[in-house]
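Multiple structures are listed underneath, in structure tokens.
Here come two complexes built around chain A, the first alongside chain B, the second alongside chain C.
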Partner chain A sequence: MSDEPAAAADGETGSSFADTVGIWMPRGDELRVMTATAVVLAVFPFVFSRMPVVSDLLQGYQSLATLILIWGIFALGFDLLLGYTGLLSFGHAAFWGGAAYAAGVFSQHVSGSPILMVLAGTVFAVLLAWFLGFLSLRRGGIYFAILTLAFAQMMFYMSSSPLAFITGGENGFTGVETAELFGLFPLESELPLVLETLLGTWLYAFVAVIALLCVALGYRILHSPYGMVFRAIRENEQRAEFVGLNVWRYRLMSFIISGFFAGVAGSLFVIHGTYVPLSSLYWTTSGEVVIMTVLGGTGSLFGPVVGAGVYLYVENIVSGGHPFEFVAPFWHLILGLVFVVTIWVFPRGIWGFFRDVRDYVTGGED
Partner chain B sequence: MALLETENLVKEFGGLVATDEVNLSVEEGERVSIIGPNGAGKSTLVNLITRRLDPTSGDIRFKGESIVGHDPHEVVQMGVSKSFQTASIFSDLTVRENAEIAALASEHGSFGFKLLEHRDSLTGVHQVARDTLDAVGLLDQADRQASELPYGDKRRLEIGIALAAEPDLLLMDEPTAGMSPEETEATVDLVEEVKRELGLTFVLIEHDMEIVFRISDRIVVLNRGQVIAEGTPDEIKGDAAVQEAYLGGVEL
Partner chain C sequence: MSFHIEAITVLLNGLQQGAIYILLAVGLSIILGTLKFVNFAHGALYLIGTYAGLLIALEVNLTSGQLQAWGFGQLGLGLGYIPALLIVPFVVFVVGLAMERWVVEPFKNRPDTDQILVTFGLAIIVQELFRAFFGSSSLPFSQPSWAQGPPQVPFLAAIPISSWRYYVIGITAVLVLIVYLLVEFTDFGLVVRAGTRDPEMVELLGIRLSRPYIVVFGIGAALAGVAGVVGGPLNPVNPTIGNEILVPAFLTVVIGGVGSIAGAVLGGVLFGVTQAVLVATYSAWAQVGLYAIAAIVLLVRPQGLLGEAEVAP
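Showing the complex of A and B:
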């Protein structure tokens, strides 16, 4: 019990340079997961928007492929909080929209480098998550959901008028000035050679690399002691406290981590759209990420990304007409139906369904 | 110096005095049982010691230091562990993970920044978890999901979680409640083994007098929140006040 100094001694003091590097090396299944993710990310825009026959059926387009990844990052981080730690936040628009404004304002006044914009937006979101988490996590359950919602709505009103001189108020922030990637490649320009066929634009490549890093980070967190502690807190908060874990601080960490992912995604969102709509802070944005996560399947790394894909697909393609003219005007209804039917038939979401099928086929236990 | 001491400890729920001026002292290495009729305030006393409840007045000292004002996880980190009256486990985690969580908290403190390290690198944690599961006889079920265990095994896992925290003082609230006679027997054997091998100090709340007389060095009798008698098993058996208030004159 009181041997913390000893534990620290063989944990930290012994760490050499090799250990420090070692921490960052992929290990175990990590490499396999990252490779698979990289392959999917590399062919996705081609299959979705350029592959003969398939893309004609899907009616996908390049810019939507990018947007799906961006929301996928948002939902992935959100699920670390909802699916793993068991906390339902209704105010994650604060981090998504906050990061978008921060990155946008940063591009206008400091630097338009896409990498620095992502950095600026993410740092803002993390600090904000720290602060709001500190205030909201005092109470659990419904109180937490309401508090996060209230804080996010406060930010919405702040940027709609009191801070309109910075944010552009109702019109949104229009002064985004994104520069070339590494000072060389305009993001909207096409990639060279075969990469153009596969990935399309520099913007997609940029977003895909960040998405891959986010998947790796999420995977690593879930397989660290944190992942286990988060699940333990979700399962039995009181018991976790009574084995000696500081539940409050772990929850705050989980909240900050999900704020980090929301920040990365929000920053990419402003780079993608070169514009920050005021609605990015509105409560509907918080609701959308909840729906995407639950639709795809909570408690999994990739489920929420799939959920984001399905959601955006219905929102953008089905609502857009051909070949869905007959239902286009009712796309909100379609979205609701997709959600209800999915949750009804597969309570663990789309990804949970995939898992069940796999377990059934392999007869395995997971 | 006693390992655990309470001084004029009082807990009121509205008008009800659940703990009434209790002065309890537990020496290191001692096994103390708390008995008393339903509603006597046994669980309340334990909950006060683990900081699940705030006392109305009085003081609680562990290793000489007052723990009133500490958070529950801080008290656990100081060395007080508790098994719950009902199986309070992490249902969706494996049996092994249940033990690992407790071992992790005890080996690495209440909070850490190991969010990028792999769980497999925590060899000390794995060893403690393994030893604990072995001790409570659940090692062969380590990879099962905790929710799948039969009730008796869940209760043993509950004790295992408390043990994996490697406590200096273990508080057990009715560890055999709801168990079959065989499971009760196995659990009592387990407690005796813990007593013999680890030399652990523990406070046991138990209704079964046979068990209490078998494994306690000292017995504390509570009634309506008050300590009405205290002594060795033999002294308690012969105590008239205890016969009167609690045992209802039954011959033992």
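Showing the complex of A and C:
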């Protein structure tokens, strides 16, 4: 604000130009957070699936690394709603699965360009979130969870029979036709030079770039005055209302924003799997993202991403047997137990737990 | 088959399906109305009821799961359906008491979202325990031989509906009436209703609310258990049935109006009949129809059909 008079002295055009750039400039810790995220995203697939000793221990593989990022975006967006605005939705499968179907159908009939597919899926998810949010927010508190659950189930049954001629019904949507990125690079082909060792495929690079943008967007929203309002509503809805904020509108917006992230993730999911299972709309999918978010830690930007990683790791590696033969058939049970213990004892999740440990060790307080 | 008979068949099928929803919804509704607790594990109680009923009533040959691996391939008491109907409510009642004591009570002062999350987690644990022990394949839970054909009563004999469905409707009607009378016309019900209005005042008057509350939860759980026993023989029995029934049960509560027993009955009948009519006419839309009705009701009357409007939004 202080530089406004100086900028105004340069004349009208100069001022608007400086303002436009200024809005997009990173501020505060943003640059540091983004750099760290970029570094982690760049080395993650290497460490997880190709690094000599570590990857043998972890049993990770490239495709799972990509999947973790995709679910990470989903969980990150979900946490904007649950952790920051304090609304628990059990219907986010509608946006995830809806975007996946939309992107899939778009690829079959219009264009298979990955970027356009993500756009199409996301637009669909945002519109759907607007509509369902409008309906579900008619009742606050506990009803919100039930209503979002109900409307998402409605989407599930819609695509299972009445709309089966588009969605493929029980069999899922199989007609996905993904084209090359920018019309040049097939997504499953490997990156050139050292990037191949680090990132692996073009698909991972594509997902990672979008993930980075999503983290940036999430960080920006949460550190903006707008995001502060979300937290104010979570802390004390009544006070926020009395201050003059339209709580209902902010809640709807928070719902739409998290629907946006779910849409991006759902579209990437169909690009990654080139298939949309009908179960992607079932309410257990909403349950999965709830578990990931809570497990990782609500109310933090990266906790849910960690939660997504842990969940998918257990689901795909631990359930596979060696070296986990003993617990493999019970992976879902174990996740359920860990989930309940997390809510009971560590409501702030894995991320919050490590934060507490860090604060304890360094003696600093948050 | 004449049109009349067909219409009555559809209607009775609808009432029977509605009865299952009603049993679950009444339990959910009184728990939500008095304890202000959202129980996402209500489907798990239904699941426990079904399996308990199955194991008491029949002898089952397990084809997968840990129990089979440990040599308990043949399981079950084989006592018949009447003992199952009498024992299961008590079993699930006790489960409900335990749940109130060790889950609801510690989470009383936690946010609503935590209550939903913890019960959701418990529902997963219960489901996965059943999957681990009894396997994920469907178990046969046939209707009792004495209730398979249409009842041998002059008029009803012409309608192709097994008498088990009449029993389901009858049992539901009796139980819901009992709960209604209990809440409306006994001292116990008076305390519960007063506690719903103003718990602080009731406790100031020297009435301990924790005891009626734990009983309310137990009754709600027992109703879910009964729903499991009577609903079990109508569908394949596997560990996911609890998850599947939970959503329509919740919707029944919401469109009927929270805390209203009459509302739960109305909602259940509306849902059951709509579903049966749609199955008979446009079967592809049968499930979607339920949710469409729920959406319309909520748009027109957000507090539910027989619910009282809230003071605060």
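Things to note:
Please note the rule applied: the second predicted complex is superposed on the first by the 345 of 366 C-alpha atoms of A that agree within 3 Å, B and C clash if a C-alpha of one lies under 4 Å from a C-alpha of the other, contacts with A are read in each partner's own complex, and residues count from 1 in each chain.
Please note the rule applied: a residue touches a chain if its C-beta (ideal position, glycine included) is under 8 Å from a C-beta of that chain, and two chains touch if they have at least 3 such contacts.
Computed from a predicted structure; not experimentally measured.
By the touch criterion stated above, A:H332 is placed in contact with chain C alone, chain B being left untouched. Contacts of A:I221 after superposition: chain B is touched, whereas chain C is not reached. By the touch criterion stated above, A:V54 is placed in contact with neither chain B nor chain C. Legend: residue contacts after superposition of the two complexes on their common chain; A:V229 is shown touching chain B, with no touch to chain C. In the overlay built on the shared chain, the residue A:M253 is in contact with chain B alone; chain C does not reach it. Judged by the touch definition given at the top, the superposed model places A:G244 against chain B, while chain C stays out of reach. Across the interface of their complex, chain C is touched by residues 82, 86, 88, 90, 135, 138-143, 145-147, 149-151, 153-154, 157-158, 160-162, 164, 283-284, 287, 290-291, 294, 329-330, 332-333, 335-337, 339-340, 343-344, 347 of chain A. Note for the complex: chain A touches chain B at residues 1-4, 7, 10-11, 23-24, 27-28, 220-221, 223-229, 231-232, 234-236, 238-247, 249-250, 253, 257.
Residues 50, 52, 71-73, 76-79, 81-82, 84, 88-93, 97, 100-102, 104-112, 114-120, 122, 124, 161, 164-168 of chain B touch chain A in their complex. On the side of chain C, the complex with chain A involves touching residues 32, 38, 106, 111-114, 116-118, 120-122, 124-125, 128-129, 131-132, 243, 247, 250-251, 253-254, 283-285, 287-288, 291-292, 294-295, 298-299, 302, 313.
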